[in-house]
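My structure is below; once you've seen it, I'll send some questions.
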Amino acid sequence: MAPSVPSPLVGEGQSEGVSARRASSVLSFLPVLLQQSINGVVLGSLYVLVALGLTLIYGVLLQINFAHADIVTLGAFAAYFFIHSLGGGYLSSIAVAFLVGGALGWLLNAAIFAPLRERGDELRPLIATIGVSVLIENLALAWFGPVPYAFDSPYSGQVIRFAGAFITIQSLLVVVVASATIAALYLFMHATYVGKALRAVAQDRETAGLMGIDPNRLIMLTFVIASALAGMGGAMLGPILVLTPFAGASVIVKAFAIVIIGGFGNMEGTIIAGLFVGLIESFTTQFLDPGLIDIVVFGLLLATLAIRPTGLIAERREENV
Amino acid sequence: MVTILLIAVLPLLFQGTYARSILVVCAINVLIAIGLDIVIGYAGQLNLGQSAFFAIGAYVSTLLVTLAGVDFWIAFLAGTIGAALAGAGLALFAVRLRGHYLAIASMGFAIIVYQILMNWISLTQGPLGIYGIPPPPAWRVPSIGRIDFSDIRNFFWLVAAVAIAAYLLLRNLLRSPVGEALIALREDEVSAASLGIDGARWKIFAFAVAAALAGMAGCFYASFVGTLVPDAFFITESFTVLAMVIVGGAGTLLGPAAGAVLLTVLPELLRGIGDARLVIYGLALTLVVLFMPGGMAQAARLITERAQHRQRRR
Amino acid sequence: MNAATLFRAERLVKRFGGVLAVDGISFAVPERSIFAVIGPNGAGKSTLLNLLSGIHPPDQGSMGFAGTGLANLPAHRRVRLGMARTFQKIRLFKQLSALENVLAGFHARHHVPWWQHILPGAALARDRACCQQEARRLLDFVGLAERAAARAGALAYGEQRMLEIARALATGPRLLMLDEPAAGLNAAEVERLIERLDVMRRDGLTLIVVEHNMDLVMTIADRVLVIDHGQYLFEGSPAEVQRHAGVIAAYLGTAA
């Protein structure tokens, strides 16, 4: 989790009387606010990367991939071993994780989602992915062991300070790469032919098929992109979180919350919700108890579902019987 | 009948605490599994919250016994009812949710419960857990004498008796109009509504039943193991029970019971390979969903059909 | 024409997304009659039926059944009042047998004390025997007596349609709403359907039938409501409808 950072300005300016003291304690509050906002955005960017994959898959396939978490984990491990065993650089390890993620996505779709698609059972693929997830996590546990790996990026130590807050280069990198990726994805979805075709398939598979678009190919493409994003997310998460076989799992539950709050299949909503959750997490860590994060986030999730069963910003999809 | 006798004899066949402990865990898992089957196999809802109800049953009964000195059986009842209420509560929530949302919401619920257990240290002692939980107090039966439940055989017979009773009552329930309603609900909710079946009410019912059974199992579990740590109720337990139901064959009641036994015993038999319990669950679940979605029940059906076919040919 | 009104709808409005599917429709259905609703494709007929049966609440307007306002009564409660329906896209329980499908329809009519659901007793046995008998009678009524044990999904399309009707009848309705019951049926099957509808009407049932098949409508309906683009176009006897210029234009004007 993001470290909670005490304000370096605490104690400054507490001399000139009550009102001045109050004013200055508000001032000393601001850096904390800023710091946690920064932390929140960093976390949020990561969550968005992971959650976007989920929402993309759901948008096109109306399925949830439980094993998405493990693609994050495996992406992180791939990056780790690329650096430590093959001597690669950190930045290229992100690319490696991207590719590994994509490959895993291809594999998952080919092995599980494609064969089960014809049978038309809504929940069976979900259950299968639960099985795969448990399998991968525990195989990884047997393989890599439970002891966390120290995934240090060369950028973790360097820090930029300003206005009483700081941000590590690593975190900055995360935000930059995530934003660039999301922007690229957005462009892809809205400006290219393939992207628009993807959205068409998400809206109405039959009609898209009739217009000469091969849904299966597009679904595979979606899977690969979504999983590549996840893998990349893993590589960037590694230095920030602890790298264990369950690293992805800790993120995925929040990713689910994000996708539901933002609305399944809704890209913009997911981005907003992701940043929102990131901010909530950092503020909860700072002002409440880190142990309560999950409760707060999931409480939000359940509250969202209570009020709007299809998510806060979701598109209305009412079913005509 | 024969099966019941066979089950009764089991603890006498297996000597040794280790083997008998496995039997007890089997019985406990059977309880949770058949409960979950009501929701998944009959009402058709993907409920991933069983670990939470298991935990609620365990903690409520344990806290009542250790902190308030309540009699075991009253605590047992309280734990079961507490779990059932939680189940109904989750269901109230879930009635408006479609399949995927429900799965995630129930998962969220289970995680919240787990976190509460971990963090409410003043009540649950958090990760350190509660120690020294006593087994149920001995019974004085007129002609037989004293039944001491610290003897594993007696404990097994107790849990097995409850599991068998639960199974029989559920089986009757499923053959009754209630069962018809649940099955109709599973097959097509809209269609069922057009026949007067209140989807919301029966979903809540199914959840409450599943939760109650998990709660009972939790009470027994706490009492059997003697210590209670939140880690025993992590979300993976929900996946484990799910695996038991699916591998056994959802919607057959007997299938999940068999699945529970298989998935409890198998990892123990394969102990030599390492602690592969969860790997087996994951693998079994995935393979079954992909290749034999009806689980062991479907496999059994296929085998008997083929045997009958061969007989007819002669 | 002096028959009491069994069902009444007033100024029903329903929007789906941005589309106005039903726009201010009103009508009254007399008891023991067959009331048909027709209109070109996309006219909003099925949506209308969904409003009547309680699957979607109307955005505006009201409905009444046998003098009772229906307000926002959900579908399963309307069944208990005596309103049953079938679906345009067949919604049988495909994995269950034909008999089991019909048995499911008795849900609202069981009289069994709750504890006998887990500890069976005499009342449960009697109820079961009674339902089985009645179910077989209904299957016979729709001509499926021999197929009672067949899996519903394995039945021929026409048989499935009739099974849906039998199942709806099992709920013991006073009003039966059929959504395109003749869709996909061949001429002989339609003949049979018409004949069965006539018997149902004689037995005291009231029917609302959404249909495309003009033969059926003109032969059996007492009154016909024509809607187009969710709006009321015309209501009258079958003969009047056939002569009405606006109706003809609506059908010929759209590429149905």
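In order of appearance the chains are A, B and C, and numbering begins at 1 in each one.
Note that in this section a residue touches a chain if its C-beta (ideal position, glycine included) is under 8 Å from a C-beta of that chain, and two chains touch if they have at least 3 such contacts.
It should be emphasised that the depicted structure is a prediction, and the values quoted were computed from it without experimental measurement.
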{"item": "Pair exhibiting more inter-chain C-beta contacts, B-C or A-B", "value": "A-B"}
{"item": "Central subunit by CA centre of mass proxy", "value": "B"}
{"item": "Separation of chain A from chain C, taking each centre as the mean of its C-alpha atoms, in whole Å", "value": "49"}
{"item": "Whole-Å gap between the CA centroids of chain B and chain C", "value": "42"}
{"item": "Cα-centroid distance, chain A relative to chain B, in whole angstrom", "value": "33"}
{"item": "Multi-partner residues of chain A (each touching 2 or more other chains)", "value": "321"}
{"item": "Residue list for chain C, restricted to those that touch at least two other chains", "value": "55, 87"}
{"item": "Touching two or more other chains - residue numbers and ranges from chain B", "value": "190"}
{"item": "Residue ranges of chain C in contact with chain B within the complex", "value": "53-55, 74-77, 79-80, 84-87, 91-96, 100, 103-108, 110, 112, 116-120, 124, 127, 167-168, 170-171"}
{"item": "Contact footprint of chain B on chain A as seen in their complex", "value": "58, 63-64, 111-112, 115-116, 121-124, 126-128, 130-139, 141-142, 253, 256-257, 260, 264, 289, 291-292, 294-295, 298-299, 301-302, 305-306, 309-310, 321"}
{"item": "Complex contacts: residues of chain B adjacent to chain A", "value": "46, 93, 96-101, 103-105, 107-109, 111-112, 115-116, 118-119, 190, 236, 239, 242-243, 246, 274, 276, 278-279, 281-290, 293"}
{"item": "Touch list for chain B against partner chain C, complex", "value": "169-170, 172-173, 175-178, 180-181, 183-184, 187-188, 190-199"}
